[in-house]
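Each of the next two complexes has chain A plus one more chain, namely chain B in the first and chain C in the second.
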Partner chain A sequence: MKHLAFPVFFLLMVCGSVAFARFDTFVFETPQDEQRFKKLSAELRCLVCQNQNLADSNAELAMDLRRELYNMIKAGKSDAEIIDFMVVRYGDFVLYRPPVKPSTYVLWVGPLVLFVIGVVALVMFVRRRGDDVLAGGDLNSDEQNRLEGLLGKQNEKPHQKTGSGGKRKQK
Partner chain B sequence: MLPELGNFALILAMIIALAQGIVPMIGAARGIPSWMAFARSAAWAQLSLLVFSFGILTYAFVTHDFSVAYVANHSNSALPLSYRISAVWGGHEGSLLLWVMLMSAWSTAVALFSKRLPLEMVARVLAVMGLIAAGFTSFVVFTSNPFDRYFPAPLDGRDLNPMLQDFGLIVHPPMLYMGYVGFSVAFAFAIAALLGGRLDAAWARWSRPWTIIAWVFLTLGIALGSWWAYYELGWGGWWFWDPVENASFLPWLVGTALMHSLAVSEKRSTFKSWTVLLAIFAFSLCLLGTFLVRSGVLTSVHAFASDPTRGVYILMLLGVVVGVSLVIYAWRAPQVKSAGNFALLSRETFLLGNNVLLVVATATILMGTLYPLILDALNLGKISVGPPYFNAVFVPLMIPLIVVLGIGPLSRWKQDDFGRLAKILRYALVVSLVLGVLWPWMLFGKLDLMVVVGATISIWLVACILLDLFYRIRHKSSFWKGLTSQPLSFYGMSLAHLGVAITVVGITFTSYYSLEKDLRMAPGDQLELGGYLFQFDGIRDAHGPNYTSTKGIISVTRDGKPVGTMYTEKRNYTVQQMPMTEAGIDPGLFRDLYVAMGEPLGDGGWAMRIYYKPFVRWIWLGSLFMAFGGILAASDRRYRLMARRKAGLDIDAKLATQES
Partner chain C sequence: MKARFLVPLILFLLLIGLFVAGLKLDPRKVPSPLIDKPAPQFSLPGLLDKEKIIDTAELTKHKVSLFNVWATWCVACRQEHPFLMALARAGDVPIYGLNYKDKREDAIRWLNQYGNPYVANAFDEDGRVGIEWGVYGTPETFVIDSKGIVRYKQIGPLTEQVWQETILPLINEIRAEEG
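And now, the complex of A and B:
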């Protein structure tokens, strides 16, 4: 628990508090394989770390899994096969891209629903406001007086504030 | 003896904060001027006591007083002075002491720069801040006291975590905390305005500069954290969508929405109840972030349950703040009348669109951050929500935001004409579509859909900013006169928006065109990457004050011409027996070269990681533009008390006309 107590927000992602790099020196047959390795090791989670993907982790387990990943790619396994293998072995926790299933429906559909609600609310609100644009939207005189008063100019001759909308041509 | 004095000052500060929360509040309700005036003196007293307390803790670090448990856990006799000072906020207890000290600094700043506010308003604002300060100071005193002693005192300290022994970490937490607690000012103004029934344009004008300054600090804090992660962690990543990063990003997003909503509330006296709600949410998210980071709930729900004291305390604070403020909101907000009407096509609508997108993005990230915790707590299984998810949901929300961001400043308040806007914007559209393809293609020789989208919206934004400037000055007698007659807030806004474009370019190009290679290198070995030739020249031993190190030397050439020599280090910190990699970086405006050293592989060979990262600096450069834009906007003449005192509302009226 002790290492959790640091004030630094980004610290927690460092596995076991070791910012010491351990790089692999795998040799790939094709650049496509290398790309796949990078993509997969970035989307799979190091299971013993605070919050780190396989690519960035120094943990022994992560190094073993990277080697496993490398061997599977070399053996010609597809991405789906590799991911299935990892999920069977370690559960959904290993995936940084959560699978779509009943317990994650809210997660995947939520943003879209929120977006639609937001847009609908926006349009409804603006429609209501737009009904009588000509009714005048500048500060009303009460408010204007109060603004001027509060800003400390109570005793001076009140200025007519030229609201930006006021001098515009209106429909 | 001294640490006890520090502790005493801390307890006194807690009591004064409580008094600052209660006395002026009653004074404002009953109309007792002397009780209201107490708020200012209390803020000063609280700040003095906390600075004293903080000073004593710093002194304990500087003088190696290892009888203080916190010092013993976070320092060592070999630790250099600068890190001994920054170690004061290098752990939980000290960073919270910094939190409350900065909080009282904001209180005092409000007390100092509010001479022209009605006393009743000042009293309420400072009272709300006093109550929050009391909550957090008591948290420090009761659960996280930095002055606890060890007896007998250990001979030496356990040293500061080597990762924190770095310049980025000296400045990152104070910046971030200034932003976090800064939003308490916007929050306090909102609550005070609700309580006083004064939710008007004046309120919006008062709280706007405070909100902008808090936002500037948060922007810088996040950017510094990202920069630090980039060069210190040794993997060249700059954003991980880690819950602790999200904890700082969420208030930033809502704070951005708040700034824009305040603009409408000030200029058009509308959206007011929405603005108040955003102010409440922005600060609540700051508290939520504090809870997430401080409670340990992120390691696992179960770890939190096993030692819940601290977490529960912050959770209660969070609950009280959110609960009470929402009750006040529900009680008072229905009385708020929004005056301004506007058409579907108007600047109000674009700003509201900005708010909708930012709030949806916030809610999405919040959900993604908390979802695994909630599933786990409900025993519905353990899942991970990481960068693939966040990128998939966040990016589609930001694209329309940036498109709207370009149009907003060009549009008119209240009602605009589609034909007029279309006439102006068609140039921007053509330029951005053409350059959006050509620019990345000419630079990198290959394209990706997302690259074209990223480049197009960035150029669109820049084109819109330039058009805005053009239309503002074309009727002036001279170009120079046109430029100088624009208010600072206009330049602030434009610079900040330009910063967004710069950051988007940086993110896009770095994400799609970075090159990376992990390999074994023995002295003399070469690698060609991104047009650069990297040659490993060998290693050299070196010593630091509290570590030993092995330096790897890599010389870089391009087309046979030397570019520079890069040094990467593998350090071993002697006290904590912790190995650290220091990356070697050759920075540049258009590309970074990045070398990090891994383990020795025998026969003089070393594991190496080499990156070519185009435009990566633009990510942080854009943040600097945003922050500088914020500073300009907040120092606009109409916020400056002295100027207003001299020239009064003449200036206000003039500015209001200019800014249309």
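And now, the complex of A and C:
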């Protein structure tokens, strides 16, 4: 019997997890209602497990809120009314897409501002470096002589490009 | 321009500062949209006495009252309970309870076993009233003034520290307003 212990244990584990997963069965009158339910429950956050939406969460509260959602859809409430119901009780935090208003400006505009700052910094950096390379003005006369010496040696070798291309490489 | 090499370091330190500040914030504490709004209306049977109806008007009979959401399955509520008992013994502020998604016998047994700090308890078996109040993590405690306005919401257990630093000053303020 001992060789059966593991398979039985495994089976119990699998069955156990199935038994613990809870499903609510909602019957919708129209496919549109079902679509709305899916859409809204995906857009609303479960406050108990904050990185899950109502559709995914198995928390008690999420189940209750899914039931509320179902009842509201069944009662013919509009999406706006349902969203409002949730926001009045749980605040904007319940929405995965928060409204644009003064307290959420940072959220909406922040990434764009950071992006613009990044692009401006990048452009400035690249331009300045480009100027430095092209001007070659940073070298004093000793360095310039040495550079030319090195380039001169290189230029004697076959297959070696000459001119500003080689110069840029050296820098 | 010599200090230019310090720029990334300073930016890095600013970023670390931001992260440290972020560590101290509790993402579970979501500001309640109910603050400074009228308390949601409800009417529920009492916990100990089914016939006695507890409603929002009952909560607002006092200058200021506490409305504590609890359940026997809630571990933090057990942790909070001795403090509620101490508040009830001091008798300064009436405490009302909302027994949330619980079994009546369990809740009554709890009160008999650990003591009953509540003036009265409403029995919210299916959690509908909890939803009206935006409850998402028990224990939660609302401070309600005599006009029926929610003045504060404590998410998580009431403690001596929260009481002394936040709730007691608020209660004194409410009492001063109402004379």
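Just so we're on the same page, the second predicted complex is superposed on the first by the 108 of 171 C-alpha atoms of A that agree within 3 Å, B and C clash if a C-alpha of one lies under 4 Å from a C-alpha of the other, contacts with A are read in each partner's own complex, and residues count from 1 in each chain.
The rule we apply is simple: contacts are C-beta pairs under 8 Å (C-beta built on N, C-alpha and C of every residue); 3 or more make two chains touch, one makes a residue touch a chain.
Note that this is a predicted model, so its numbers are computed, not measured.
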{"item": "Which of chain B and chain C A:F26 touches, first, second, both or neither", "value": "first"}
{"item": "Which of chain B and chain C A:M124 touches, first, second, both or neither", "value": "neither"}
{"item": "Partner chain in contact with A:G91 - chain B first, chain C second, else both or neither", "value": "both"}
{"item": "Contacts of A:P111 with chain B and chain C, given as first, second, both or neither", "value": "first"}
{"item": "Of chain C and chain B, partner touching more chain A residues", "value": "B"}
{"item": "First, second, both or neither for A:V100, with chain B first and chain C second", "value": "neither"}
{"item": "Chain B versus chain C as contact partner of A:Q50, first or second or both or neither", "value": "both"}
{"item": "Chain B versus chain C as contact partner of A:A42, first or second or both or neither", "value": "first"}
{"item": "Contact residues of chain A, present in both the chain B and the chain C interface", "value": "50, 91-93"}
{"item": "Of all residues in chain C, those that touch chain A in their complex", "value": "27-28, 30-34, 101, 126-128, 130-137"}
{"item": "Complex contact set, residues of chain B against chain A", "value": "73, 89-92, 94-95, 98, 116-118, 161-164, 169, 172-173, 176, 200-202, 205, 225, 228-229, 232-235, 237, 240, 242-245, 247-248, 267-270, 289, 293, 296, 298-299, 303, 307, 339-344, 348-349, 352-353, 356-357, 359-360, 363-364, 367-368, 371, 375, 380-389, 392-393, 397, 412-415, 516, 518-520, 570, 578-581, 596-599, 601, 607-609, 644-645, 648-650, 652-653, 656-657, 659-660"}
{"item": "Chain B partner contacts - residues on chain A that touch it in the complex", "value": "1-14, 17-26, 38, 42-43, 45, 50-51, 53, 55-56, 91-99, 103-104, 106-107, 110-111, 114-115, 118-119, 121-123, 125-127, 129-133, 135-140, 143, 146-148, 150-153, 156, 159-165, 167-168, 170-171"}
{"item": "Chain C-facing residues of chain A, complex", "value": "47-48, 50, 60-61, 64-65, 68, 87-93"}
